[in-house]
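Each chain gets a letter, A, B, C, D, E and F, in the order it is written, and its residues are counted from 1.
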Amino acid sequence: MSTVRLLADADLSPEAAAVFADIRATRKTDFINNFWRALANDPPALRRTWESLKQVMGPGTLDPLTKELIYVAVSMANSCEYCIRSHSAAARSKGMSEAQFMELVSIVAMASETNRLAIALQVPVDEAFKPV
Amino acid sequence: MSTVRLLADADLSPEAAAVFADIRATRKTDFINNFWRALANDPPALRRTWESLKQVMGPGTLDPLTKELIYVAVSMANSCEYCIRSHSAAARSKGMSEAQFMELVSIVAMASETNRLAIALQVPVDEAFKPV
Amino acid sequence: MSTVRLLADADLSPEAAAVFADIRATRKTDFINNFWRALANDPPALRRTWESLKQVMGPGTLDPLTKELIYVAVSMANSCEYCIRSHSAAARSKGMSEAQFMELVSIVAMASETNRLAIALQVPVDEAFKPV
Amino acid sequence: MSTVRLLADADLSPEAAAVFADIRATRKTDFINNFWRALANDPPALRRTWESLKQVMGPGTLDPLTKELIYVAVSMANSCEYCIRSHSAAARSKGMSEAQFMELVSIVAMASETNRLAIALQVPVDEAFKPV
Amino acid sequence: MSTVRLLADADLSPEAAAVFADIRATRKTDFINNFWRALANDPPALRRTWESLKQVMGPGTLDPLTKELIYVAVSMANSCEYCIRSHSAAARSKGMSEAQFMELVSIVAMASETNRLAIALQVPVDEAFKPV
Amino acid sequence: MSTVRLLADADLSPEAAAVFADIRATRKTDFINNFWRALANDPPALRRTWESLKQVMGPGTLDPLTKELIYVAVSMANSCEYCIRSHSAAARSKGMSEAQFMELVSIVAMASETNRLAIALQVPVDEAFKPV
């Protein structure tokens, strides 16, 4: 019951089909999840989002699991069920244990609590935390 | 300009003073940041928050730097300036490089974008992402 | 499965019935959507909300479709499924094409990304953007 | 007091300098606002964000002013002061009047109110609003 | 440094002046806070917002202090500094003690934590909590 | 369809079982809602959250119903369906009438609207609202 049609492979424009081919090659699986099938209704948006995601989540200075954990944490903070479930699955495939998932959940919840305390009390930033 | 007074050491109740002593012993520094000085107006809340934070951010299955990165990410998602600055400082003290900080920022921003896409398009969760 | 009963026409108080009559006359349709049927449990809130909505979304300096697009965009930013779906329907009835809907989605997502970047980096407002 | 340095033109990497040159050419002005100077610390992020923004805000099925109004609306919903101010300036330069700005503000506020009502009352989506 | 001018009494349109007069009569004070001076740039929005606020915060089934506490709590959840400060002042004038303020802050923070836990764990609603 | 298993009594670790026993004794009912059954996958988190909740929602300077109303209000502001439903049930059991619920909803919605107005207009805090 998405707000747009989830496109099957047969429905794709050539531009969208090329992106799907790259997703499959990059992820080494034939499976394309619903997020991309919804976005395929706008091929330039599909390409832009996939290229950005590949760049942001690709090799860098943080390891792949840490990156996924951060992605899941933000998705929890933004209350996006689809994103929590899809990126939790990705994190599990990169080695996240159930104990690590529960620990992540505790940090997200604790941060939400102290974020709210700092905002409610309007705590001024300490000089020590300001950039030199 | 906090909504409550930032208590100096001389203003603390005995219960709050005991928590400050534990913060100093645990962190091996005399410095107490404003967050705790504001919360000290409610000693039970101060104790509860500190004990919880010590437990959540203490030894577990995720390494200390990963925990701080998750904390900073949630603080960015919640738009809490105080929390972004104080936990970025903590992450830097645990080894976060500037390149890692910028990479964290990119993940938080990218996740916020795809979270919004999944919500706007009301993408249904794939069967593959549902727990067995 | 709302938190209050969705009132049928037969259940309405006279004050709520009068508002429903005005909604029907204004919109030139007999259909009353669930939002108003839930709100009808509090007739003064029903009247106040309808009168405000009629005023805000009525003739002004922005054209009706632009107003609906803004409404949908805010509903996406606030993750309100009901509001995304009902105001997308309203926008379609005022002429929004599927291409415009996808373009709207891209703007909402892109803004969410750059909003998060500006907040994460705590970018100071340029003098050029300050009112004279 | 950003969390990273705002880079002056002399501090830019060649990749960042090339993006700044394209921003200047596209916008036909020498002025580069602080957002890009902060992002320039991560040249690939700078390039990706600018390329995406140029694509999303470029010619499409919605007119340029409508696009900016949507951008400002989302920035208000996300409480991003920097984004409210910079995109309001952009909207003004594309013809937004003060009356239109106030009307936009009313729609954003009204949508936030009814979004909250729909969520608080957990109003179920009407069949009429579901895609066929 | 608001995004619109804060209107002095001498700058008001007759419609805005009438609303200011009613605010002064209702609140039994000459003081008009900045919120209304900003909103006065759009007299119908000023009137609509004031009339709604007067109705919502006026006599009902909840006592005036409880209403203000709820208002402050929502303002904290929405991170609106202006609203936290102005409605805290209102709550104090209606009898809120400093201990009650700190207790309110703890509830807001705790609710933010458990909200996040319920969302992160996607806890299904118990049958017992569903309406009969 | 939670992201973790909802633990039955037979599945509990001794630490989690002890917390469940305390919940039952404190609430004087055998019923344990799903929130705790999900959290029981992480016994220290279960204990910490329950102990904090008991302290925050226990005797203090605000009466029990007012505390629940604040909790529900924050849950509505955070769009947490589980929390809206479970804490509404708790508020009803502490005496909240349907009229009070609808009044609460109006305040939450109205506060969300004026919060957004203050943020959109970037209204500066009045001197009168600053602490002395």
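The criterion applied here is as follows: a residue touches a chain if its C-beta (ideal position, glycine included) is under 8 Å from a C-beta of that chain, and two chains touch if they have at least 3 such contacts.
None of these values were measured; they are calculated from a predicted model.
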Quick check on the contact network: minimum steps from chain D to chain F?
1
Pair sharing more residue contacts (C-beta pairs) when B-D is set against A-E
A-E
Measuring between Cα centroids, what's the chain most distant from chain C?
B
Going by residue numbers, if over half of the contact pairs line up, that's a repeat, so tell me which of B-C, D-F or B-E repeats A-C.
B-E
CA centroid of chain B to CA centroid of chain F, Å:
21
Distance from the mean Cα position of chain F to that of chain A, given in whole angstrom:
28
Shared-interface residues of chain A (touching two or more other chains) are 1-4, 52, 56, 76-81, 84-85, 88, 99, 103, 105-106, 108, 110, 112-117, 119-122, 130
Report the topology of the inter-chain touch graph, choosing from line, ring, star, complete and other.
complete
Contact footprint of chain D on chain E as seen in their complex
3-4, 41-42, 45, 78-80
Okay, in this complex, where on chain E does chain B touch?
79, 84-85, 88, 98-99, 101-103, 105-106
For the complex, which residues does chain B have touching chain C?
76-77, 79, 81, 84-85, 105, 108-110, 112-117, 119-122
The chain A residues in contact with chain D across the complex are 1-5, 44, 48, 51-52, 55-56, 130-131
Mind listing the chain C positions that touch chain D in their complex?
1-4, 6, 31, 33-35, 38-39, 49, 52-53, 56-57, 60-62, 66-67, 69-71, 73-78, 80-83, 85-89, 97, 99-100, 103-104, 106-108, 110-126, 128-130
